[in-house]
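To keep things simple, chains are lettered A, B, C, D, E and F as they appear, and every chain counts its residues starting from 1.
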Amino acid sequence: MGIHNYFKSLSDLEGINRCPGKFKYQEHSVASHSFKVTKIAQFLATVEEADGTVIDWKRLYEKAINHDYAELFTGDIKTPVKYAMPELKELFSQVEDMMIKNFIEKEFPAEFQSIYHERFAEGKDESIEGRILAVADKIDLLYESFGEIQRGNPEPLFLEIYQEALSTILKFQEMPCVQYFVENILQEMLEEGVIPYSQIYKLTKNILGR
Amino acid sequence: MGIHNYFKSLSDLEGINRCPGKFKYQEHSVASHSFKVTKIAQFLATVEEADGTVIDWKRLYEKAINHDYAELFTGDIKTPVKYAMPELKELFSQVEDMMIKNFIEKEFPAEFQSIYHERFAEGKDESIEGRILAVADKIDLLYESFGEIQRGNPEPLFLEIYQEALSTILKFQEMPCVQYFVENILQEMLEEGVIPYSQIYKLTKNILGR
Amino acid sequence: MGIHNYFKSLSDLEGINRCPGKFKYQEHSVASHSFKVTKIAQFLATVEEADGTVIDWKRLYEKAINHDYAELFTGDIKTPVKYAMPELKELFSQVEDMMIKNFIEKEFPAEFQSIYHERFAEGKDESIEGRILAVADKIDLLYESFGEIQRGNPEPLFLEIYQEALSTILKFQEMPCVQYFVENILQEMLEEGVIPYSQIYKLTKNILGR
Amino acid sequence: MGIHNYFKSLSDLEGINRCPGKFKYQEHSVASHSFKVTKIAQFLATVEEADGTVIDWKRLYEKAINHDYAELFTGDIKTPVKYAMPELKELFSQVEDMMIKNFIEKEFPAEFQSIYHERFAEGKDESIEGRILAVADKIDLLYESFGEIQRGNPEPLFLEIYQEALSTILKFQEMPCVQYFVENILQEMLEEGVIPYSQIYKLTKNILGR
Amino acid sequence: MGIHNYFKSLSDLEGINRCPGKFKYQEHSVASHSFKVTKIAQFLATVEEADGTVIDWKRLYEKAINHDYAELFTGDIKTPVKYAMPELKELFSQVEDMMIKNFIEKEFPAEFQSIYHERFAEGKDESIEGRILAVADKIDLLYESFGEIQRGNPEPLFLEIYQEALSTILKFQEMPCVQYFVENILQEMLEEGVIPYSQIYKLTKNILGR
Amino acid sequence: MGIHNYFKSLSDLEGINRCPGKFKYQEHSVASHSFKVTKIAQFLATVEEADGTVIDWKRLYEKAINHDYAELFTGDIKTPVKYAMPELKELFSQVEDMMIKNFIEKEFPAEFQSIYHERFAEGKDESIEGRILAVADKIDLLYESFGEIQRGNPEPLFLEIYQEALSTILKFQEMPCVQYFVENILQEMLEEGVIPYSQIYKLTKNILGR
């Protein structure tokens, strides 16, 4: 029944957790993932712009903030399932498009439908904004898996996710923002390391010894 | 790498929530749903047996305890997606079968593979045990949606789920266990009702008035 | 230690709950609030643009996605505290600015500092984008409080929040997007209503009576 | 081994939930229950003192803050179990005493053992402080069950708990603090009531009508 | 009020956490424990049957799925309490039996009472099915404690639980299914190990070095 | 509306988490922190008394149980904010006093107002009870940060909190209870250490080797 249903659906994305099933120290919802990807994309585009690339900011933000909205209709379908058979991926893609199309036609007033058809289309195209979104999406996934490994999660899946995310980021290594990420941010991230228990021992001795 | 992975996967089902996204007062995992469906199926089969039907108990329990195990591989795919296109449903079913097949061949020793292929096959067939499972699965869904409505969830989806679950149960109304459910358990459930705030008022007055 | 700390801080906003202390059926983090406000602002700006107003989309998205980032430094300070004394509000504002300034100078490379000083400045100015943000922020707050009341939260605070949010929205009633909200979305929201327990009774009778 | 184990055990009480099993909108731990009972007892004793009764404040606080510490050793044993057989209750009481005794002798230095034996003894004796504790414990239970009923919990158990708690409080109705509670606080509590959905409708109309 | 109360009680087991109090990275409910034990027992019995032992599958499943149902009535009573005094354990056992007896007589129709008296009786007898249940119950406990240790829980209790569980399993080492568990599954479990932080460092270097 | 509002507010403190934002393995509420600080203060005062110091127990307990009640009005304001400017801290302090004053005058009957003004005043004064409170508050903070580090939290903030807490405790090192803490409890705490994964390996070997 109209835009109210659209606004209400935003809150549903707060209740869809990423990577369900596997034990995680920290859960992340699709809503907060979308927030973080938009902020990361903002930074990456800032680097690109400083390098002289023209950014269509309206397009970038639209792509980033909407990029996982379709999970509302399809739920969390595990990647291996989607990619198990080429025909399935193709059909699945058709169904996704159809459901978003139906939602827009049912809930949005006629005058805004074409705008939202475009906003909810797949964002990761060949444009500079599409490529920035692809990188930002993987950077957030890298942080999620890094957080688990750093906190001691023994599940090998998170190493695989980390590896897959970083490898995908590097496919875009001709982009200045990816070079910036690899040379600066990734280094800072890895340097953070862990805190061995012995450190609390030393620290205590130091304080007591004063 | 072997049965350890199978045992570990059981715990993953504790982390997959049913009906993700929609606000619920109470969450239910696939693991505890499987427990409840098995207990409900046990009762329904007891009613059938009392009516003179021969129950293959081994088969019944196998069907009930394993009936949602495949969600481990596919995640929670929303029903409307599955049913959106007949070809998708068919392909999806093929992929599910393929993933379970791969899992069994990768993790189980050769001598147990055929047993587990059978155990993880679709359980809701035309046999008496398959029909009991179909009913038990819907009774638990009915309880989940009833619990939300009774506690004041304004989301119309739960009324729809309740309606769909009850309608499906009634498709099996020639079964004595369904008749027992409708005539006895459903009545008791509905009679539970809600507790209006005024009742606490009256109760307090009564106690103070003594 | 650089942009890594900035990216990591985004996840901290997932762990800051809005309106702490008061019992709520559903919690909302600052991260997912920021996501929702950006999506709502996107729709409101679409309505304004359809009405002929020129929107600076880059500015709008920057304001929306960043508008609560400062809560990272200050934590959740209850509104009555901030507004208790004009001098406190003024001083508090100075401290907030100082902390953001320090963070940018410590973590951001020199070339991006001025850009981020601007992005983290107070967004709710008199510009059309600033006013859209002010409205979008209150619409999400309205939804949060409406959700609690609709689900049966007896806490009068949520009625007060609802009232304050709606009154603030109406201060912008000369804006076409506010008129659109009041005439369409608010009506749809209120019509949703609640689901009385008797409805499940009727529904069951209907299904059984078929 | 030693007082460290005692200090660490306090945090275990944060992880023991009251009334496990039954669906509740809001969970309460034994740690926060102990906090609330101590604060309530403080108020009740203030009323008694104003009425001229001499309060041994040291004793009162010791009783209140320690009254559920033994749940650390015994876990949450449901009341009906404890009271099912008189011999069981008696034996159970002996075991509880024995476990506390062992804990003190194992973890506390000799010089403090007798003090802690006294502190961990059953607090609800016939003294004024013991009776205040008995009342304060039931007032917090009354608030817990009231909160559930007010928020729409259809579980009849909470009405029973409310009834049992209020009846027990009234057994002490010769105490001025109980009279104060019944005449003032209980009235205020009941007047809080619920917020019918129609109120949001009216409020909205009022605001829009201005 | 009949079988409805029985069905509703299944959901209560979703709200009873195992080993309350002690800090755990991952919580497990009695409901999902029952699910896992049934699945583990199914595998163990499959091994036994392959070895030539005749399994009464109906009996096995009944024992496994019902084995902790009595915790509904008694709550989580810590093991040291139960075993503190032989008389207490004996009396406690009597009370448990009495409460289950009362529940069945109150909620179940006369024709099913004897069946359920048998189903809710203590399952860990000397039969092959009883011994498989005893082993399956300890294997799930072993996994629970292993999960905590592997994720870095410094609480020595989990080492003790692990030790106690493994020692109990080995008491049944004449059973082929226990030999299978020790020789295969336990090895796979231990080989899983932990993921040292240095691995993420190496992995990153490898990917960057390509 | 009277003391009911005061009693109800105690439950709000169960919903205010300490140190929001930063990832923690274990959350602690203001309510349970208050409980723990009171219990720790009780022990510290016992040590002081054994050393010959006269303790005003009534005053000690009042200080401990009430020491964070004001967070109800102000929310969680991050320490660096409070201390960023001397004038802010001063003004902030004034506002806090004003809000507590208003609350007491609005909710408490006239006869109890002066008592509660005193109870809610800042407790950490120069008296022996005020100093014990200051130490107890920091000991609980030390335990909170120690727990995170011991469980593997890589966030450096918790090392800083640990350091700050221990340093503050040592400022009171002329107090016998602080000497007792440093010489006994702190040692026991540090000796607890962590459990390396290799230990589970050895333990398993030992059990299997028997």
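As a working rule, a residue touches a chain if its C-beta (ideal position, glycine included) is under 8 Å from a C-beta of that chain, and two chains touch if they have at least 3 such contacts.
Keep in mind the model is a prediction, meaning the values are calculated, not measured.
Within the contact network of the assembly, the step distance from subunit A to subunit E comes to 1. Repeated interface: A-C and one of A-E, B-E or E-F share more than half of their contact pairs by residue number, and that pair is B-E. Averaging C-alpha coordinates per chain and comparing to subunit F, the farthest chain turns out to be B. If you average the CA atoms of subunit C and of subunit E, the two centres end up 46 Å from each other. Between the Cα centres of subunit B and subunit D there is a gap of 38 Å.
A separation of 21 Å divides the Cα centre of subunit D from that of subunit F. Between the CA-based centres of subunit C and subunit F the separation comes to 32 Å, rounded to the whole angstrom. Shared interface positions of subunit A, i.e. residues touching 2 or more other chains, are given as 11, 13, 23, 25-26, 147, 150, 152, 192-194. Taken as a contact graph, the chains fit none of the simple arrangements: neither line, ring, star nor complete graph. A complete list of chain pairs in contact reads A-B, A-C, A-E, A-F, B-C, B-D, B-E, C-D, C-F, D-E, D-F, E-F.
Of all residues in subunit B, only 25-26, 147, 150-152, 192-195, 197, 199-201, 203-204, 207-208, 210 touch subunit D in the complex they form.
Touching subunit D in their complex are the following residues of subunit F: 1-8, 10-11, 13-14, 26, 28-29, 31-32, 34-36, 38-40, 42-43, 46-47, 50, 57-58, 61-62, 65-66, 109, 111-112, 115, 119, 139, 143, 147, 184-185, 188-189, 192. Residues of subunit A that touch subunit E in their complex: 23, 25, 146, 149-150, 152-154, 156, 158-159, 162-163, 166-167, 170, 182, 186, 190, 193-194. Put simply, subunit B touches subunit A in their complex at residues 11-13, 15-17, 20-23, 72-78, 80-81, 84-85, 87-88, 91-92, 94-95, 98-99.
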